[in-house]
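The following blocks contain the structures, represented as structure tokens.
Next come two complexes built around subunit A: one with subunit B, the other with subunit C.
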Partner chain A sequence: MRSGIARGQGLATAIMVVPATVLYAVMLVVPVGLAFYLSLTDWDGFSANPAVVGLDNYGRLLGDPELRRAALVTLLVAGAGTAGLNLLGLGFALLVNGRSRANTFFRMVLFYPHVLSALVVGFLWSAILGTTGAVNSFITQRGGEVLPFLSDPAWATVTMIAVLVWAGFGVNVVLYLAGLQAVPHSLIEAAQIDGATRWQTFRNVTLPALGPSVTVNVVLSLVTLLKTYDLVVSLTAGGPAGQTQTVAYLILWNSFHDARLGFGSAQSVVLMVVTAALAFVVTRLRRRGETAAHQ
Partner chain B sequence: MRRYARLGFLAATTLFMLVPLYVLVVNAFKPQQEILASPFGLPLDGLTFEYLAKALDNPQFDIFRGYAVTLLFVVSVNVLSVVLAGPAAYVIARSPKRRFRVLMLFFLAGTFIPSQVLVIPVVYVLKTLGLMGTIRGFVLFETVLTLPFSIFLYAGYISTIPATLDQAANVDGAGRLRTFWRIIFPLMRPVVATMVILNTFSVWNDFVNPQIILGPGSGLYTVTTGVYAAVSQYSTDYTVVFPTLLLAIAPLLVFFVIMQRHIISGLTAGATKG
Partner chain C sequence: MRPRHASRARAGALPAAGVLMTLVLAGCGGGGFAGEERAQSEGGTTEVRMLVNITPNLTQTYWEGLVKTFEQANPGIDVKIEAPSGKGVADTLQQQLAAGNAPDVVETLMADETLAPQMLDLSDQPWVKDTPLAQEAALDGKIYTVGVGEQAQSLVFYNKTAFDKAGITEPPKTWDELTEAMGKLKDAGYLPLRTAGDFVTGLQLLQLSGPAKAVAHPNWYQDVKAGTLKAGESMLPYLERYKSWLDKGYLDKNALGLKYADAEASFLSGKAGMYVMGSWFTAAEADAKKDFEVGVFPAPVDEGQSYPGPQGATMAAPYMILKSTPHKDAALKLVQWLVTDKAAVASQLQQDGNFRTGVEREFTPLEREVQKILDEAPAKVAQGEGYGADTLPKGFNSAWNTEVQGLYVGKSPRDVATAVDRWLDSRS
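And now, the complex of A and B:
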């Protein structure tokens, strides 16, 4: 009787846990392992038995000038983008901190682009900044020269970073606002009673207390920007002349346009490792910085 | 003085944030010449619905079908996700056994894997299972992507619900399944709402996964892949671009404005999942 109930409970537990676990294992854990395996093959996406080619894909990856350029663009986007997202995120969080109807409205306005898909954001900005786009039509009608927002490689890279920041910093604002709630008000009051200026209070009280928030925001921005793909497709299509291709863009292009999924897998394994390493290093550096600040 | 400087600055920023949306809306109602001649002007003399109607009737991308397909995906993924993640999270949260703590870590590890890295090997898995290019395959994969964070969030929430509730139900003869669905699940409304909002946006806005798993050959377009099919080749024909983009974002923007408080907190919770 007793064991009958226990067996029934065991069955119920299995019914509750097994489906999620199996599906997760098949479609997430197995693929992560497969990514490593496929990176050692010449899989084209169709053949059932891809040939194992060892480390060839990794060797090719080192000598690929396209990939080197894409890596540079990606690091630039991630670096400058992270700086932009966090400076604007923290700055605006300080500006719209505090309960009021106006602040709720401002937060909504800063946040709304995040709700749109990156694909739509890219098409929209390309209609605004393209050669015949809204801004250039406006300029040329007043006798000005066309500005190459998307047609010059350097301009296009900067434009892409700017659009990424425009579309994303609202999230950082909200995350920093959450962090600001955790800063003890008594500390800020104490600083003000001691005659600290606004800047001194921010620099010596608010910012150190925001430490963990800064770490989360920086790591998050970095990880998100390192896999920039949708916006490249819609804003520049990788152009002009492939100069704004990111690593994620090349991975999918090589894999599905050129049918070189083995090579694409090698690139995605490297991207995954580099992303994890960067996130780890930033977290460690921030932690060391925080302990140093406390001494 | 300082107060006015702050408000002035925020007003200017608001303008800058909203100009793209303004350009999108006004130009959806203008012919090409007028868009080129006065891209920022209101279409006061020639407000036309011609191009919006054309976008609704685009042979490349049937937007109503796009809404329907996307909505089907959104609903299926949300339902499956709750049905799978809820009970699993309950067992994990309520059991002191070591193996369930390990299981939690196993799921947690998944929150760190970017889906871009997965898409190539998932194609391999789906082909092996005969699910490549099918709605089932796509919905299952999108659901799996939601599982790690859902289970993490649900388990955290369930552990704040007093276990005496379960014991009372148990005494009354309810089994584990019944206890979860009848007693615990109704109490999880806020956290389930957060996850539903999160999943709705991520499925609606996803581009890579539907593009690759469903493929252009299947004829199945979500709103996002449909926009790509409709706009990418005509990116300088603004009478196609603006109305199509407007139709693509309108439902989400309305949803956002109505639910903005919940959405901002929900998406913030999601953003921190890394």
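And now, the complex of A and C:
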């Protein structure tokens, strides 16, 4: 009797798991598998009979100067962007943590840029920072020199990172706020009773308690920034001289503009593996840090 | 020979792969699904789907209005205008082909080695030979693409007031004269030549050097494809000249921060002396409010070459019919009408500022000058990536553009030329 019930429960569980499993397989496993298959072909996106070229596309990746440049830009964007998103996110979360109408208003203001499409954000900032944009017009009308926000490689990279941080840190604020509100108030009170300063309380109580939030924020920021594409299109179009092309931008460009979907697929497979590896490493390091902090 | 069933199996698997691949790469679906029901001959009406480019000039409303006349004259045919669902016509067509949902007719793209196998050979249609550049765009002797008109590419638009103030009485005919004119314009307080970032940087240099290069290397495309001529090396003199202009302050060193529309607006604001662009610029010029007159001259040639040189020309509003169309006759009828019917042709030329010898339409004074340049050109040659037999690998224009932009950020002309040749070698 009992084993019949257990069998029934097992069947019910299996039935309930099936839709999610099928969805996961169709939306993730199959496309990833196909991407890998296509990376072994010379498909141009038009023909019905691509030839299998083995690992040729992967071999070409190694010697591709465009990919090397884009990989460096992507790592820079991901590294500096993750730092910026998290420092600003945590900083503003601490500022608007209390319960008041003003804080509610400021939280909304801080989150607002994230609501905008990245394409809109890019066009908006290019209109502000372009050579004939609002800022440069203001400067030149007063006899100043044009600032090369988007026309100098170093400036353009910094501008792109700054705009990415501006557009994205609202999410980090929300995530850190959730983390801050989960920090036991009793711990903070105890630290204050013991005479700890605000910095000491933050450093020794709040920050360790925020460990899981930091991990989530860092990993999410890193993974998102490694895939940066749409802002590149609308803000810099990869320029000047290709110096702000990211790997994701290059993948789309190679796949669709240059009709080299096989090669683009190889790039996307590599990006996926690198992103997963980085996310894994960061998560492990953070967990180790969190464990050490709790001991 | 590949077994028939094997070929079919691969062809069948690929559309599904394409749909899913599109999801992986682009993060969005689109273009429909394989096996989707297509409206065919419903109630005796044939639906012809036409994928078109949508621009500020060529809006969805314009296209729908254009084909209405055709539909009225052909009651059994319903033309469905489709706007790109992706970034442009090319990637939308890729998605649709992969999804087994290709349109019947596609506008904007021209046949190359990649696209030709998917397109209908129009060579046996008697009306195609009278359409502009059809023979020049033929691939292996087969005509896949037919167009409405021509776009002149190697044009230099100039500010007549600036030229007067700088004391330039005659538009420059050679590169040396052009450089001299730039010096005078700079002295008169103008930016001599308006350049920009985006895709404009490389395009302008290709347009400007086109006539001189076509005389110096009459078979440039074939020679580059055959590997007997290095593209970058052959362009080195023009790259060096361009760099010298940058060094002398004849070009805006911050131009890469300008998008295409910004450059156009900047020239039309009267601050620059010259602007290199294709004939479609006449449409923007006609709409602009300005306090100076714009003139135009063909791009200069090298010392000792006869002026004007061959004019870079591209097909305006090119059409192709997909080989897979189940409505071949209706699609042929539509495309024939689009490129031969006088009213339809004139309307399309007018709408997008294009030209066709022998077709009269309402011209602005500047457009009349452009038509004259086209009529008087000793020859018409391909431009950029080219077309027909004169086609370079896909992506050449953007690779060239990226490298030319390098001149603004410290690369030497020699480095740029080498990088261009390296890119071409990697695609050969």
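Methods note: the second predicted complex is superposed on the first by the 266 of 295 C-alpha atoms of A that agree within 3 Å, B and C clash if a C-alpha of one lies under 4 Å from a C-alpha of the other, contacts with A are read in each partner's own complex, and residues count from 1 in each chain.
By definition in this document, a residue touches a chain if its C-beta (ideal position, glycine included) is under 8 Å from a C-beta of that chain, and two chains touch if they have at least 3 such contacts.
Owing to the predicted nature of the structure, the values given are computational and were not obtained by experimental measurement.
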#### Entry: Joint occupancy of subunit A by subunit B and subunit C, clash or fit
clash
### Which of subunit B and subunit C A:P31 touches, first, second, both or neither
both
### Query
Which partner does A:L61 contact after superposing on A: first (subunit B), second (subunit C), both, neither?
neither
### Query
First (subunit B), second (subunit C), both or neither: which does A:A118 touch?
first
### Task
Check whether subunit B or subunit C contacts more residues of subunit A in the superposed model.
B
### Task
Scan A:G242 for contacts with subunit B and subunit C and give back first, second, both or neither.
second
### Partner chain in contact with A:N49 - subunit B first, subunit C second, else both or neither
second
### Query
In the superposed arrangement, does A:V205 touch subunit B (first), subunit C (second), both or neither?
neither
### Message
For A:A259, using the defined touch cut-off, is the partner it touches subunit B, subunit C, both, or neither? Pick first, second, both or neither.
### Response
second
### Task
State whether A:G130 touches subunit B only (first), subunit C only (second), both chains, or neither.
both
### Message
Per the contact definition in the header, classify A:L110: touching subunit B only (first), subunit C only (second), both, or neither.
### Response
first
## Note on the structure
Which of 20-28, 128-136 or 416-424 hits subunit B? In subunit C, it is stretch 20-28
### Summary
Both partners, subunit B and subunit C, contact subunit A at residues 27, 30-32, 34-35, 38, 43, 45, 126, 130, 132-133, 237, 251-252, 255-256, 261, 264-265, 268
### Query
Along subunit C, where are the residues that touch subunit A in the complex?
7, 10-11, 14-15, 17-18, 20-21, 23-26, 86-87, 90-91, 93-94, 97-98, 114-115, 117-118, 197-199, 252-259, 262, 265-266, 394-395, 398, 402-403, 405-406, 408-409, 411, 422, 426
### Summary
The residues of subunit A that touch subunit B in their complex are 8-9, 12-13, 15-17, 19-21, 23-24, 26-35, 38, 43, 45, 92, 95-96, 102, 104, 106-120, 123-128, 130, 132-135, 137-138, 141, 166, 171, 174-175, 178, 216, 219-220, 223, 227, 229-230, 233-234, 237, 248, 251-252, 255-256, 261, 264-265, 268-269, 271-272, 275-276, 279
### Message
Give the list of subunit B residues in touch with subunit A in this complex.
### Response
6-7, 9-10, 13-14, 17-18, 20-21, 23-24, 27, 35-37, 39-40, 84-85, 87-88, 90-92, 95, 100, 103, 106-107, 110, 112-114, 116-125, 129, 140-141, 143-145, 147-148, 151, 175-177, 180, 201, 204-208, 212, 224, 227-228, 231-232, 235-236, 238, 241-242, 245, 248-249, 252-253, 256-257, 260-261, 263-264, 267-268, 271-272, 274
### Query
If you look only at subunit A, which of its residues touch subunit C in the complex?
27, 30-32, 34-35, 37-38, 43-50, 60, 64-65, 126, 129-133, 136, 146, 148-153, 237-243, 251-261, 264-265, 268
